[in-house]
Amino acid sequence: MTNRMGAWRRREILAGLAATAGMLAAPAIVRAAPSGKPVKIGGTLSLTGFLAQTAVIHKIASEIMVEEINVRNGFLGRPVEFVLLDDQSKPDVARSLYEKLITVDKVDLIQGPYATAPILAAMGVAQRYGKVIIQNSMGIPKMQTYERAFPATPFGSEPDKTYPNVILDAMASLPTPPKSMVVLTSKFPSAQFMALGMKEQAEKRGVKVLMYLEYESGNRDFGAIAARIKEANPDFLWVGSLGLESNQVLESLRKLDYAPKNHFHLYPAPGPLALSPDGNNALCSTFLEPAEPFMSRPGVARIAGEFKEKATKANLPYTTIDAQAAGMVSQWQMLEAAVNGSGSLDDEKIAAWLKKNRVTTIYGSLRFDGPFNHGDASQLIKQVQDKEWRVVWPKEFAAPGVALKGA
Amino acid sequence: MADLLAIEGLSAGYGRAVVLSDVSLRLAEGEALAVLGRNGVGKTTLIDSIVGVTRRISGSILLGGRDIAALPPEQRAALGVGWVPQERNIFRSLSVEENITAVARPGPWSLQRVFDFFPRLKERRHQAGSSLSGGEQQMLAIGRALATNPRLLLLDEPTEGLAPIIVEELLRVLTALFRDEGLTGIIVEQQARKILPITHRALILERGQVVHAGASGELLADAAMLERHLGVTAG
Amino acid sequence: MPSATLLGQALISGVLAGGMYGLLALGLSLSWGLLRLVNLSHFALAFLAAYLTYELGTNYHVAPWWSAMLIVPAMFAMGLAQHWIFDKFKVNELASLLITFSFAIILEVAIQLYWTADYRRYETHYSTMSFKVGPFYIPVLELILCLVAGVLAWGTWLWLRKTYVGKALRAAAEDADIAAAYGVDHKKLAYLLSGMGAAYAGIAGTFIALIATLAPAQIWTWLGVVFAVVIIGRLGNPLGALFAGMLIGASESIAMAVLSPAWAPVVSFSLLIVILLWDPEWL
Amino acid sequence: MSANASLVRRARWRWPEALVWVIAFGLLFLPPGKHLLLNEIAILALFALSLDLILGYAGIISLGHAAFFGLGAYAAGLMCKHVTPDPLAGLVVATLLAAMMGLLTSLLVLRGSDLTRLMVTLGVALVLHEIANALSRWTGGADGLQGMVVGPLLGRFDFDLYGRTAYAYSLTALFILFLAARRIVHSLFGLSLMAIRRNRLRAAALGVPVNRRLVAVYALSAAYAGAAGALLAQTTAYVSLEVLEFGRSADVLLALIIGGAGWLYGGLAGAVIFKVLQDTLSAGAPQFWMFWMGLFLVVLALVGRDRLFRLVRR
């Protein structure tokens, strides 16, 4: 009963968006605007329910990308129309909506939803109908067993082995490298998966794991957990958190007059953590931030600007583009490249093209020919410094003058 | 003296059923009236109609000259109708004292006076209503009704289901109330011979209608009448 | 085995967290126990109050205690309005579930419409303040919450015990027809109680704004545990609600400290089922 | 004898009833496109029918009927994955398991007052939800049960992409179970349930074994809910924790209330109205359609209050 009781879905169609965007952009375009019957692309996001705050971000990213694609050449010269439905943060609803999109709305292509569970549900449907599905937030690559499913985020095929080592490398670079750690994680599968990997890699590299704790997602009170952490007093606290859980943990710790020495958070809500008084020096996983060197990548500065504008208009409290929003951007960039590259709306051809070619997305150049269609891992670490997220590791991704800060 | 209660042509019932038809009666201030009759003749319905928990079909009920027939029960209570229901209906989750004070209104019957009148209740003032014996519950029901300081006290089969020794005690209480205190009231009873000595006048109902009305003393002496309407044998 | 300090600290934080359960349960328990209306929109009202506190605090720099002066009476009025509907349409227990559920949905949509689905956090410098007693830390805000909840619960309990209105309400809750025949005007009292319940939701909302980060879907997070608290504390018993809240808070916290934190969600309902098995007439 | 005569009279088929089923089966021949929705309606109808058996005929309100639905769904899913892909075998096993669970929990549920029941049903569903979450090795936890490949129906009809087979399967199951339910409520057993619902003490005084009857109907209702869950799992080849969530219990209660409890067709009518409303409202009022749904429910509850009254006056 941690989330909503109603089980009704809201549907939202962004029809007409394409046409409007085309008209506004028309004078600037020398090339003919896309014309003909629109290409319909269906997808769901969690517009309501406990993941709703993520959907707001993804929806804005999608709107930006659909506009951009239509200003360019659309898909094969035809305008793109995004049919977006609300899965209410429920995989079951996502599953039936994808069936509806494919069989009733007869969309040409689909886009993946957000979060592992809805993705898995949608992937099952995609598999039954042979559709290509691109997703940006499934943290357990080995579950992506469908040959036409592609990741839009560079997790790599074994992030539970590779990413903990990135983190441990960063920790080892500190003047006083941590010797002990506490792993605290939500039982949410993708967080738990990474937490187990973290524990294993840390033990392998001789960092003592003092405590490994799991809590249920939707946990209301972190007081007792905070007391256990404080008592263990680790050099490094690793939290496999989602959403607000990290804020809650840190606040509970502060009430015990305790600040963790070094602390890492897996999938927190970026805004609240950065702005929280407890967030200083918090570490977090990322793939991209709106700073150098990323802003020099083609299109990133423009997209980040548009995102800020739209997010402000939508009355969002945190308007900076982040890795999450970028995931959706990457999803659209991949689909655009694959459709126009293969010159086809046929799922088989699109899938074959993606397996053979690299795509330059907001995350850089991605490939999809490794295990589970994953390519190279490029998970980074960012840190809250002066209420803002800055990429601090690996060093080559850090903006000039920014460095990892330790306890 | 003016009549405190005047009922004219009252017909009433529950839901679709009509139980009382065209009943009229008058009750002067300070008078006690016994309502007698076999089971199911409408005695309780008469009481309930005055209280206001039946469906009235026609007729008027005047209390102190004011027609209360259309008022909801709580307003009738405020105007002075006090009720001791057949099932007693003690508030089980309230203590003895709370049962009384929850409904008390200012007047001569203060909590203290009720306790003086029923010393047993005083002893048990802090116990829950649910813990009382049948006799104690009846005392509490009466005490609770008195605490509302009614102008008219309605008692619905007060002796029903009580042990003989308790009945005797109860009758002493009723005698004190209606003979010594001069309360105005209506007592519905099965045991005619027990109640007639206490009341001034009596009324016999049969199939929802009044078949006899007269002085209690005369009725008590009229063995044939008692036998005919109530099946009470001499003795 | 965890140390005594850890156990004590867990107990303290659990009891204090339970204060919030108790505070939320208070209004719910009153209307369920004394009016036989199950008010699912209680949580939505609390969140509305929390969002209003956030809005006033963040955009107009009104301190929460001043906002409460405005919001709590407004909530009282909302309670009256809600009860007008219940009264007008003679809503019973089952229908009240359905109607208040719908109210809650409507309020949730309204909140999402105005404040978006994104997280809202009312940052104050005192939200994480605490002081030290021996080896234990006591968070100030939660302590104040518990004191407020305690005063409200105790005051309401006294009010129900000692005043004419309170006793009349209890009598009417047990048997409305009989109480009416003794002159208890149940309708007016019901309005008063509904207003009070909503006002309590408003007070809880003020604290939610200070303690929690707000998102519309979180309206439902408290539902299960607070329902359990209401039942364990016995319907219509304000002190029971508070104690049950603290009991569950403490049990959850101890379970998290001694066993695994993942056990916490089952604690409340396991406790409830055990109590009902032990005494099926508990209600 | 007169009781029997009235039973026979009430159990007689009338033509509108037959028409309902002819139309329902006739929809099978609709061009593809609506069968997925129809399948969902049939499953919700069966689920609501199951709730009607206890609410409408025995007066037990449940806030946790999803417990049995979810159990059936997981049982069918695990059967398919680990034992046999045959859907009928899965359906039977899921139904039986849910019935057993019903028997077991009836001991808990039948104690105490109506309010206690409300909470106990809610609690049982919640505890089951936590168990399913904890056993993530088998259930897939929050990610849902993956990798179900359901075999063809009766060994020959494959589940097609547009849901026609699924609808035929669910509708047939609904029809057969409906006939059984109809038979049961119009039997002396059903009559004794009605007597219990009206006045438990009087029924007991008349010699009706009240508790045994309630246990029996509770288990029956659980079995029906389990069957509905199994149908959902099999026709969608997917099970997630949502099958056990409170939202599902609330939905089915809403559907039944919309249709009216205590006449068997209420669940069916409610399921149709609920799903169609959900489908059209969400398409017609994109941004905040839930607001309209809430408003509709308020109006329904207020205007249709007599129907609600009937349920609670026991």
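The chains carry the letters A, B, C and D, assigned in the order they are written, with residues numbered from 1 in each.
Going forward, contacts are C-beta pairs under 8 Å (C-beta built on N, C-alpha and C of every residue); 3 or more make two chains touch, one makes a residue touch a chain.
Note that the coordinates shown come from a computational prediction; the quantities given were computed from them, not determined experimentally.
Undergrad: What are the chains that subunit A and subunit C both touch?
TA: D
Undergrad: Could you tell me which chain's Cα centre is nearest to the average position of every protein Cα atom shown?
TA: Central chain is C.
Undergrad: Which chain pair is joined by more contacting C-beta pairs, B-C or A-D?
TA: Of A-D and B-C, more C-beta pairs in contact link A-D.
Undergrad: Please tell me the distance, in whole Å, between the geometric centres of subunit A and subunit D computed from their C-alpha atoms.
TA: Their C-alpha centroids are separated by 38 Å.
Undergrad: Provide the C-alpha centroid distance between subunit B and subunit C, rounded to the nearest whole angstrom.
TA: Spacing between the chain centres: roughly 44 Å.
Undergrad: Round to the nearest whole Å and give the separation of the Cα centres of subunit A and subunit B.
TA: Once rounded, the distance between the two centres reads 77 Å.
Undergrad: If you average the CA atoms of subunit C and of subunit D, how far apart do the two points sit, in angstrom?
TA: Roughly 33 Å, centre to centre.
Undergrad: Do you know which subunit A residues sit against two or more other chains?
TA: In subunit A, the residues touching two or more other chains are 1, 3-6, 48, 187, 216.
Undergrad: Where in subunit C do residues touch two or more other chains at once?
TA: 101, 105, 108, 112, 223-224, 262, 265
Undergrad: Quick one: which residues in subunit B touch 2 or more of the other chains?
TA: Answer for subunit B, listing residues that touch two or more other chains: there are none.
Undergrad: Which chain pairs here would you call touching?
TA: A-C, A-D, B-C, C-D
Undergrad: Please give the residue numbers of subunit C that touch subunit B in the complex, ascending.
TA: Spelled out, the residues of subunit C in touch with subunit B are 161, 164, 167-168, 170-171, 174-175, 177-186.
Undergrad: Tell me, which parts of subunit B touch subunit C in their complex?
TA: 51-53, 72-74, 76-78, 83, 85, 89, 91-94, 98-99, 101-105, 144-145, 148
Undergrad: Name, in rising order, each residue of subunit D that touches subunit C in their complex.
TA: 61, 108, 111-113, 115-116, 119-120, 122-124, 126-127, 130, 134, 246, 250, 254, 257, 288, 290-291, 293-295, 297-298, 300-302, 305, 308-309, 311-312
Undergrad: For the complex, which residues does subunit C have touching subunit A?
TA: Where subunit C meets subunit A, its residues are 2-3, 5-6, 9-10, 12-14, 16-17, 101, 105, 108, 112, 115-121, 123, 125, 127-130, 132, 137, 139, 142, 213, 215-225, 249, 252-254, 256-257, 260-262, 264-265.
Undergrad: What part of subunit C is in contact with subunit D in the complex they form?
TA: Per the touch definition, subunit C meets subunit D at residues 85, 89-95, 98-99, 101-103, 105-106, 108-110, 112-113, 223-224, 227-228, 231, 235, 262, 265-266, 269-270, 272-273, 276-277, 280-283.
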